[in-house]
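Look for subunit A in each of the two complexes below; its partner is subunit B in the first and subunit C in the second.
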Partner chain A sequence: MNNVTLLFHKPWIWSFIAVLSAWVATIIFTGGLGGAGLAQAALTFAAFSVIVGIGQMFVITLGPGNIDLSIPATMTLSATLALKFMNTDGALVLPGLLIALGVGLAVGTANFGLIKLLKIPPIIATLSSSFLIQSTAIWSNRGLRIKPPEVLTDFTTSSVLGVPNVALLSFVLAVAAYFILMRSLFGRWVLAIGQNMRAARLAGVPVDGVRFSTYVLCGVLAAVAGYFLASFSGGAALNMGTEYLLTSIAVVVIGGSSVAGGNSNVPGIWGASLFLFLVVSMLNTFGVGAGVRLIMTGLIIIAVITLAGGRKSMK
Partner chain B sequence: MNKFTLATLTLALSMGTTLATLPAFADTAGKKIALSNNYAGNSWRQAMLTSWDKVTGAAVSSGVVAAADAFTTAENQATEQAAQIQNLILQGYDAIVINAASPTALNGAVKEACDAGIVVVSFDGIVTEPCAYRIAVDFAGMGKSQLDYLSEKIPDGGNLLELRGLAGVFVDDEISAGIHAGVAENPQFKIVGSVHGDWAQDVAQKAVAGILPSLPEIAAVVTQGGDGYGSAQAFAAAGRDVPLIIMGNRHDELLWWKEQKDATGYETMSVSIAPGVSTLAFWVAQQILDGATVPQDLTVPFLKITQDTLEESLETTQAGGVANVEYSLDDAKATIKSSM
Partner chain C sequence: MTSDRLRQLLPAFSLAVLLISVFYIQPRTMSYLGLNLLFNLAVPIALATIAQMLIIAVNDLDLSMGAFVSFVACVAATFLRDTPLLGVLILAGAIGVYALVGILIYVRNLPAIVVTLGMSFVWGGLAVLILPSPGGAAPEWARWLMKTKPPGIPMAIVASILIAGIAHFLVMRSSFGVVIRGVGGNERSVERAGWSILWVRAAAYASAGFFAVLAGILLVGLTTAADANIALRYTLLSIAGVILGGGEFTGGRVSPIGAVIGALTLTLAGSFLSFLRISSDWQIGAQGAILIIVLALRVLLNRSKQGAGVR
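Moving on to the complex of A and B:
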């Protein structure tokens, strides 16, 4: 009993309740058909949102004004450069991944450089850097769809015991993120900065170093997501990251993390990512039009956030 | 004597070519044409810009026009493009070719350009301002042609899954209206599901994967272009038989089709608009500057690929790109004539 009440005080529980409701509603509509297939598809596509969502969550945790808008461009550029380098050669998978990671590292460094050295607010800094990154991607990609190596396609589209490989990968990353945020000194520092940057600085937290690492982490995770998404969906394309800008922010907020920073959680990102996929699938299955679907998605998201927020204030 | 004849001959020949080319080109050699483009972030638009560079580059170096510069806005927003058009007016271009972010939001800026004596030709994303020329695509016809094909291929009919484009864009509404008109004419087909794939393979793959578990047996997938390969991937991932999927001329779609054709005799068709339509707009603008009479509304043909032309199209399509046709001055003249 006590444990159950405790569970309901967790801000992320609401996203999982929403996931279950959307899944059950869809299954009831189809008369019990396709439940497993739907769950598998949800796990697959949520995996990519989770990876970018974790990065965005760390950045948002840093406190008001911290956000990374360069995620879509980073995904596109890392996927483009990595896949171009590999040129469908399966032996180059690891060097390709290193190139993707390098892109993420460079983007994170550049973003923080703009924020710190030129004193540009993060929202403007990452927006303008995303133009530079996207232009580089356009210059390198020239609008062509670059094919991934066969072995990567196989890896990203297969599953182990019914669980998609990309979901397993994301799960491992999420567990790591959980320990970094909740159990490590670095995570505590990030939370402290988000609650009060001045107090954190006075308490001896290396604020600049932590912020720098956080933006780099976000860039690297976006690059990883781009690398695997391109391998999964049959190639790197210029518009491949577009929908992950809003998604990355939405999963953080719906997951019950505070958008003002200083109070975040990792499980909620998984819940929110699954939910975003399932709610669209549910409304598509019901056969509602695009207009109604967008309105309903908005209303449902507001409802989930209100519920999660309401619980928190009671605590 | 011999030399003299040769010289006269050369002179006559060169005069002949001059005479032949003069009436068409004389008036536009000093003219400057600009391309105002609202978006460059996908393969179709990249091919569109490449075609523009190729054809207009040749036209500039051979002296047909003085300049043909392409400008693309960063944010795909009507306000930004309106400001861009105002800049182009100030820079003194004689004609502006526009692929517009919105059919109505640029009308103010387009009117300003017309009032300044500038020829405005819109294509693909057209503008409704009456003073502008429109090279429109019969998107509804493109949607309907899919059902025409299906009614021949699958006379018994069956369930259809409809892939739509980006919600709220008029192209999406038009193609979908054409598809629905086709279904109304062929009631043996029934649309059992409809998802938005945003003309992107990964978005289409995600949307189809989400709705597929709840769908009955699907006979065919009707699409809008850029979403066929992603749909095929989603069917394969769900372990279902891949139905007849209409393709949209992208290289990965054609390649997949070819693989299936070789393996199982898979049959379908592919239809889209060639990105090179930008070059048609260029020649139309050049013709108007040259004083030719051109109707305000022109229509571009679709580029259709069939079972028989698949190999040929695949060969001429750049890996990872989209099947393309670049238009010549004669094509533009023919299009103008057929629209009169």
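Moving on to the complex of A and C:
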């Protein structure tokens, strides 16, 4: 088999083909104007989806029923607490980041604690913890937009050689996630648990430890995404995480990872994140309203999963 | 009393404890008007919870519930009021779409979470098309239905009992309900018994759509106007209600009466704090806390049951 056919057997290739067609369709419509700007905007906005998507992917890889619904609440809480602590003081950027990471660590620990101690499905555990996290965020945020330090705003809104900083950051995270998932013992354990938890346990995989670390990883990544998203968008707001609940799940699935777990890939998350942004901007360029845009987004998600599911059943 | 029996009574018990605390803090709620105010917002949530329960009974999960109820509310506040026939046709069509989603999920063996996730965008988009800004007005009869004052028992309580009764009959007593729960428990054995899984699943989704339509209409009857985001919280609330009421995600183990009680408990937990004069910031947190407390109690009961078995 030559390299090209090998490439087309990768589960994530379809999301990149979709990205290219959405980009080309938009460029053709605008008559070749704004292609670079569009690519830059796509990279910036996709970067945040990628960061939360990686965390969600590790959780989903753990097998059926594993999902983290507390991502939006975690993003809001970590951004609120970190930005409040920094109080626009550029010298406190690092301690602020540590606070955000601490929030993610605490959320992940609480989530796994609920799953393990109460023996409840992760959906319910993360759902009930997200209610508590959200309330804490509302209480601490008071409905205001808390401003970030200028250094952080500058960092998140500027770019190096035309590539946005946040895209570089999340590219580095994605590469790290790829090596953790595909090349490290931990990643192999995650995949093994997703394929058959009982077999993994019998084979000596420290199942509880791996699941615990995975939920913590997801919480920490959500916290990081919240920290940078708030800096990028001019402040921590209560509803800043809302859309990322659906996005985090959608990018994992559209990217070609198996929803049943045990079979995931990292490149697809980038492809799907870029695709979701480009579809919205493509429809914007075509001049359709918010309603039609939402409907098209939904239908595209369903179409992609229907086609992807069909590929699997044909095997 | 055995711990099994205690476990079944747990949802009702938690509601009773919460209600007694509210009565204790504010005795004036112990009246016709007070009870109605405490529970009338729970009526549409209870209907949405029953709808979610029907989907969970066949081992799926509906993440589009909130968007769909919002869409129905928008239709009810516009078409159903101005051109009732068209309104009814739209809602019937929407129930048909629910059945089609169930069929698509089964035929292509797709994850329900992702397909309903996509549908939540579709319903949300349709709602925005119908009502780009908050507005519309509830049909007179829907408002009348929620404002009517039956003698003796407040409407909110009557409605909750009716919903629980009808859902209990449909899911626990009718052959339709047995087959639906059977699909959740063991799909293959239901198929061997000669049922078409395709149609059973389509019917489960369609009846979920029907209950969700009722939820949307009654919600507009309460609020008198609609908005495209009016019920987005229903997705998570309905799932929490089913679990709080003793339902489980797999195996077709659901309880309609428990689900209605779960919805009432969540609503009451939300308003409980205002009686304690605690800031409403913690309203959502209280719902999360009550969920965790009840689930923890359930674990304790299970543990004592296992302990008794060993002895």
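In the analysis below, the second predicted complex is superposed on the first by the 302 of 315 C-alpha atoms of A that agree within 3 Å, B and C clash if a C-alpha of one lies under 4 Å from a C-alpha of the other, contacts with A are read in each partner's own complex, and residues count from 1 in each chain.
The definition used in the following text is that a residue touches a chain if its C-beta (ideal position, glycine included) is under 8 Å from a C-beta of that chain, and two chains touch if they have at least 3 such contacts.
Quick caveat: nothing in here was measured; it's all calculated off a predicted structure.
After superposition onto subunit A, partners subunit B and subunit C are found to clash with each other.
When the two complexes are overlaid on their common chain A, residue A:92 makes contact with neither subunit B nor subunit C. Applying the stated contact rule after C-alpha superposition, one finds that A:229 touches subunit B and leaves subunit C untouched.
Applying the stated contact rule after C-alpha superposition, one finds that A:281 touches subunit B and leaves subunit C untouched. With both structures placed on the common chain, the touch criterion links A:238 to subunit B but leaves subunit C unconnected.
Of the two partner chains, subunit B and subunit C are each touched by A:138.
Of the two partner chains, subunit B and subunit C are each touched by A:290.
Residue contacts after overlaying the shared chain place A:41 against subunit B, while subunit C stays out of touching range. Of the two partner chains placed by superposition, only subunit B is touched by A:29; subunit C is not. Of the two partner chains placed around the shared chain by superposition, neither subunit B nor subunit C is touched by A:163. Clashing C-alpha atoms with subunit C appear in just one stretch of subunit B from the list 42-50, 60-68, 96-104 or 240-248: 96-104. In the superposition on chain A, the residues of subunit A touched by subunit B in one structure and by subunit C in the other are 131, 134, 138, 290-291, 294. The part of subunit B that touches subunit A in the complex is made up of residues 40-47, 50, 74, 164, 167-168, 193-196, 198, 200-203, 205-207, 209-214, 229-230, 233, 237-238, 250-252, 318-321. Within the complex formed with subunit B, the subunit A residues making contact are 26, 29-30, 33-38, 41-42, 44-45, 131, 134, 138, 141-147, 157, 229, 232-235, 237-240, 242-243, 277-278, 280-281, 284-285, 287, 290-291, 294. Across the interface of their complex, subunit A is touched by residues 61, 63, 104, 108-111, 113-115, 117-129, 132, 236, 239-240, 243, 249, 279, 281-289, 291-292, 295-296, 298-299, 302 of subunit C.
The part of subunit A that touches subunit C in the complex is made up of residues 65, 67, 69, 114, 117-121, 123-124, 127-132, 134-136, 138-139, 246, 249-250, 253, 259-260, 289-302, 305-306, 309-310, 313.
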